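In the two assemblies presented below, subunit A is common to both, partnered first by subunit B and then by subunit C.
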Partner chain A sequence: MDATEIGLWGVPLAILGGAIRVSTPFIFVSLGEAITERSGRINLGLEGTLVFGAMSAYAVAVMTGSPWLGLLAAAFAGLCFGLFHGWICKFPKVNDIAIGIALMLFGSGLAFFFGKPFIQPSAPDLPAIPFGAWSDIPQVQAALDVNVLFLIGAALAAFLWWAFRNTRAGLILRVVGDSSDAARAMGLNPNTVRLAATGVGGALAGIGGAYLSLYYPGSWTEGISSGQGLMAVALVIFARWNPLGCFAAALLFGGAGALGPALQSVGVTQGYYLFYAAPYILTLVIMIATSSPSRSLAGAPGELSITK
Partner chain B sequence: MTDRFMLSRRQLLKTSAAGAALGLASASFPIGRAFAAAATVGFIYVGPKDDYGYNQAHAEGAAALKGVEGISIVEEENVPETVDVQKTMESMINLDGASLIFPTSFGYFDPHMLAMCAKFPDVQFRHCGGMWNKDKHPMNAGSYFGYIGMGQYLNGVVAGHTSKTKKLGFVAAKPIPQVLLNINSFLLGARSVDPTITCQVIFTGEWSLAVKEAEATNALVDQGADVITCHVDSPKVVVETAAGRGAFVCGYHANQSPLAPEKYLTGAEWNWAKVYKMFVDDLIAGKPLPNFTRGGLADGFVKMSPLGPAVSEPARKQFDATLAEMMKGGFSVIKGPLKSNKGIVVATEGQAFAETAIELESMDYLVEGVVGSTA
Partner chain C sequence: MSATISKKAVGVETIGMTMRFGAFTALDDVSVKVSTGSFHALLGENGAGKSTLVKCMMGFYHPTSGDILVDGREVTIASPRDASALGLGMVYQHFTLVPSLTGAENLVISREKVPGVIDWRKERAALAQFMERMPFKLPLDVKVAELAAGEKQKLEIVKQLYLGRSFLVLDEPTSVLTPGEAQEVLGLVRAMTRAGDLTVLMISHKFHEVTAFADDVSVLRKGRLTGTGCVTDLDHRQMATMMIGDQPIAALDSRAEPKPDAEIVLKVKALKAPDRTGLKSIRIEDLDVRSGEIVGIAGISGNGQKEFLEVLAGQRPRDAGEVTVRGTAYAATRAEARALNVRLIPEEPMKNACAPKMTVAENISFRTFDIDGNGKPVSWISASAIRSFSARLVEQFKVKTASLSSPIASLSGGNVQRAVLARELTGEVDLLIVSNPCFGLDFSAVAEIRARIMKARNAGAAVLLMSEDLDELLELSDRIVVMSDGALVYETPIAQASVQTIGEHMAGHH
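The block that comes next holds the complex of A and B.
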């Protein structure tokens, strides 16, 4: 067999490669949203933060020549968006979902406005680690080129899972998320905790955006996100607010997204629109299978406006 | 309260008087308006003007009009193919006084542009694509398009010489006739070099989906395709991803060679400046604008990117010879005997469809050798 002919093995390989390549923005946005939602607030604006992060990372990388400075800029921009959301939502009777939608449109619009001059130039990419170097098959090498951000995302998911249960900060976050009254009784200020949680969530979403524009697909265009930020917010509910679940769900979505192109490339060409719908069908099936009429969503923070 | 009401009524009267005067003027001097110092031409793009692709090609054409005396242009980018484009057209007509509008994206035509055609019978609309039909559609509408399939055939010639694996890849957006013709032309061009070459096509389902286009390109390279081309709105992602994986690329819409100078072979580019100049010259001269405008390489509607450094000498020779043949006009890409990839005869022995053949604008098949499906 010729090394370039991998035939049907291309499908599982593409799903693996796709899971690694496509999932990273989902991982960061959904981890960020998990932190925010665990504090009892929902930030739908992360789609806008993702797009703005992608733009600012690309712009700074073009201007300075350093993708790492771009990454920092994206995280900082995301932090500002998150803090802004958190600050507005502390006022009484402000609806966090409405503010989120406003910030989503605002972030995208602002990114398009500032991003105009950066569509044409090329920015340096974030580095990848060639885990596939042991193989002589170029397809395997390509699939196993793993970006550092993916590894950071995986480590972060595990750390958050541990930290939510075992650290003081994690406990504070969960108390604020489950009952504002209990938190106040403990002497905590729920608004401050939520402000910090939304800020951190925004910063993580900004990093997810930097991955989009600086690694894969690796250029700044206005359609770069195509709704990934919104899907990642939905993933959090799908993952039941569990960071490890967010990581797994992100992998699942990345891999399922690669299924359509991969099947077409091996000659399964009928009904590709259905394959493209695979991630959403899968979500529906799992949601229906795990739902129950007799109890509310397991693991949902009590203060979350969608469960109240 | 009363004051405000009075004011608004007065304003209303003023506005309608002005509107009536304007209507009268345009009705009594229909040509005078075209001659007037400011004829305004509107351009509407579905994406950003500098996308290295479809919209950039149109925006370059629009930019070429900026020096034309008596013509001012208004542009709007990122207009979705929804009722939004109707609002954009209305504001170009009512606020900017546009008398000729080019909604450049495929999905603007039906129902959006047609609705505006009925609402503003004095304004001319020309849509990029092949959808205008004189039996069905109003006469202030029209369509213009170029035979860019010829350019994809030339891409195929160079790709056929360059490919070592004899497998080509095509990232396509939607299976509409123009896209299918490009895919078929690309493969047939390559098969004019080596009849064993195949072309794998992946449809992404949308005109601009960066992540899916990158995934499609990776999947094609994984399956051994070593020359990739595409028909999506912005080829930037496909070109960069393919070149990053070590495959060669043929461009589309605009010149993408700055993105991958070593791997870029050639590309099929639009030359809309020529087309828009033609329309605007007619507008200034007060002549009726054509409703059905087509042209190919010979007419200057389409051009090729300069050949890249990786193009071999035999490839260059055949490219030049084929191009010279096309410049004579009447070149046929689809000629019999030819079957579709489902085994249906699409052209019998001796049958040939020249670039101008209207049948090509309703193409619904992929030719033998293309691995892919239209649905």
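The block that comes next holds the complex of A and C.
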């Protein structure tokens, strides 16, 4: 069987598969960023963290033969980047956005430096669960081959959504993000909370990077990230700081990104490359449609420097 | 869970408390004793150091020197958490509730021991039970940002009681409450002090509250303790003297005769604008303000006065209608405001009229920094001109600030108001739009500001005054208009004004 046999059904299938495959790094980075921004700080450095995470996961997986150890290494590297960002930002008069941009370049540069020897060797992949095994159509099988990280990401989104309302840590995070004064009056130290939140955010971004190098596309190259780390930051705003929204936005974004390749695969030969821009156009359109000149962004943490 | 309000009261005493901000001494060797189970009032003019003193007690500031005794034992309070562990709590002058959290979330998270996972069903039940003991109802399931100012203030106080405090500081707790609400709230804490459950230290500018509720009073002046004693031994005049010394209090200019044929300066016609919820709208059918008169707008807060002011200030778009000043359409641009001499004193001046992190000098110069003496735009902004201009105004309006280059956010509540007044009342004023100008000001400042508004009126300015304080309106206005449910519902010249009728219209009983 081939693409022509299921005909145009191939397009939605490919979009679904693409959404699942492409969205995973977005899910992790945007959830990480959602945690960081909910604490009142913005970390633009996640792009660098993502790339460094991809490199370190790949390197450790090559050396140890275990993708899971690679994943841990990426999370740990991300944690370090996050903590570093959080630590610098606690000094007075330091701007979190500027530090983020510096760290973005620093992370990528460092990854390229350490990653040179790992461009050739191949590393073991993270496992996927073949949910499509019941079907004997290869497209269905391909689309429903779901990586475990995607499932973990989905569960994490639901968990965070619940935790922001129902746990002490979640409420403390929101308090700090919304009003430093209130937090201090409660005896909380906003800097400590933000440090932790930036650290966790970095670790999640590192995991997103591990997915890139250990599953899809599944190898370490210097062009491994096409700005996922930055787009994820936009996704968080787009999702109004809601973890479930982040998950949905990541899926939407992944699906839109799969539109171009899907059209190409069913034999559209002209103009399909325009659809490669679909995710960005979609984001712009939705951003414009959901914003209002008379209201400030609903749900924006009060201490965030971009909405203050 | 510790949501009990029956705990033993504790007394707090400060000994030789001194606090310096840089070279500026905000507190100078202050020793105050608040005895167990008493209701103690702390008086003082704006910037006297009242908030600073109580913030030192709460561990929010670290005093330069001095000690704190709790129940006679010396303690170190390094942070609000330490204070809270000792049973000390405070309602700050500026709200400290978290706006995006609901009331219930705010209450629960501020508790000392919060379980890792919160069982909301249990918490809600406990909160409902606790709220039954309060003399008023509060919606606990909406975001604090959506509550009215009075509700927020009540929630702040309820929060402290919920936390089971033994010693409670209230920093100007009633400034956003209606007299009825103030009675409720202060009556509640008063009863608790009588029962020995609580000690209260209240900062206030309202003498009548002090006499009605407090047992003892202490007075600060320029960072020094100038007097302390039993409320029953002191009358208002003695308290006033302790606060400001023998300075004369500004007297209101006598009212120049209004001319009925004076020029109409502000004209509002068929104005329609969305209110803050976006669900309803405010409609101002017809309002004229003539040169040389003060038109007062009365109303219970939340009836559209704020939105009306925002439209006039250019902060809120209007759906329909026209606003004209001297016959020219007015859309509140900077150029129009300058050409037509329109000045604005909004409420919450820190939020609506200041750039908090910019300096006092810069904030005072917002209207004038880019023009020279003849109103021509300058090509080069002169820092020294800004300094000398603002130095003159700071002097003239008695703004107390550590220096001209301190950020305006470091000023005490009342002094921010003075700084804004200084900026808005200087120069030629044809139309003055004012909202709650005396919010949080001490009595001598109130007298002075009212005198300045009256002076502007007598000099020919048209004044639109919105206030929640009916006494203020009755004292200043030539005409009073009542706003209720987004519309102007009643108008009366001051000579025929009756508090009774105005009150009925305010409550919407007509």
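The rule is short, and it goes like this: the second predicted complex is superposed on the first by the 303 of 308 C-alpha atoms of A that agree within 3 Å, B and C clash if a C-alpha of one lies under 4 Å from a C-alpha of the other, contacts with A are read in each partner's own complex, and residues count from 1 in each chain.
Throughout what follows, a contact is a pair of C-beta atoms (placed from the backbone, for glycine too) under 8 Å apart; a residue touches a chain by one contact, two chains touch by 3 or more.
Note that the structure is a prediction, hence the values are computed from the model and not measured.
With subunit A as the common reference for superposition, the partners subunit B and subunit C occupy compatible, non-clashing space.
In the superposed model, A:Ala258 lies in contact with subunit B only, and not with subunit C. By the document's definition of touching, neither partner reaches A:Leu282: not subunit B, not subunit C. In the superposed model, B is the one of subunit B and subunit C that contacts more residues of subunit A.
When both complexes are overlaid on chain A, the residue A:Gly18 reaches subunit B alone and has no touch with subunit C. When the two structures are aligned on the shared chain, A:Leu72 is found in touch with neither subunit B nor subunit C.
In the superposed model, A:Ile152 makes contact with neither subunit B nor subunit C. Contacts of A:Arg174 after superposition: subunit C is touched, whereas subunit B is not reached. In the overlay built on the shared chain, the residue A:Gly10 is in contact with subunit B alone; subunit C does not reach it. Following the chain A superposition, subunit B and subunit C show a smallest Cα-Cα distance of 31 angstrom.
Shared contact residues on subunit A (touching subunit B in one structure, subunit C in the other): none found. Across the complex, subunit A is touched by residues 60, 79-82, 84, 90, 92, 94, 96-101, 105, 108-110, 114-118, 120, 274, 278, 316-317 of subunit C. Contact residues of subunit A toward subunit B in the complex are 2, 4-7, 10, 13-14, 17-18, 21-22, 112, 116, 119-120, 122, 138-139, 142-143, 212, 216-219, 221-224, 226, 228, 257-258, 260-262, 264-267, 269-273, 276. Taken in their complex, subunit B has these residues touching subunit A: 47-48, 50-52, 78, 165, 200-205, 208-216, 218-224, 234, 236-237, 240-241, 244-246, 259, 371-373, 375. Partner subunit C is touched in their complex by these residues of subunit A: 165-169, 171-172, 174-175, 178-179, 181-182, 184-187, 293-295, 299, 301-302.
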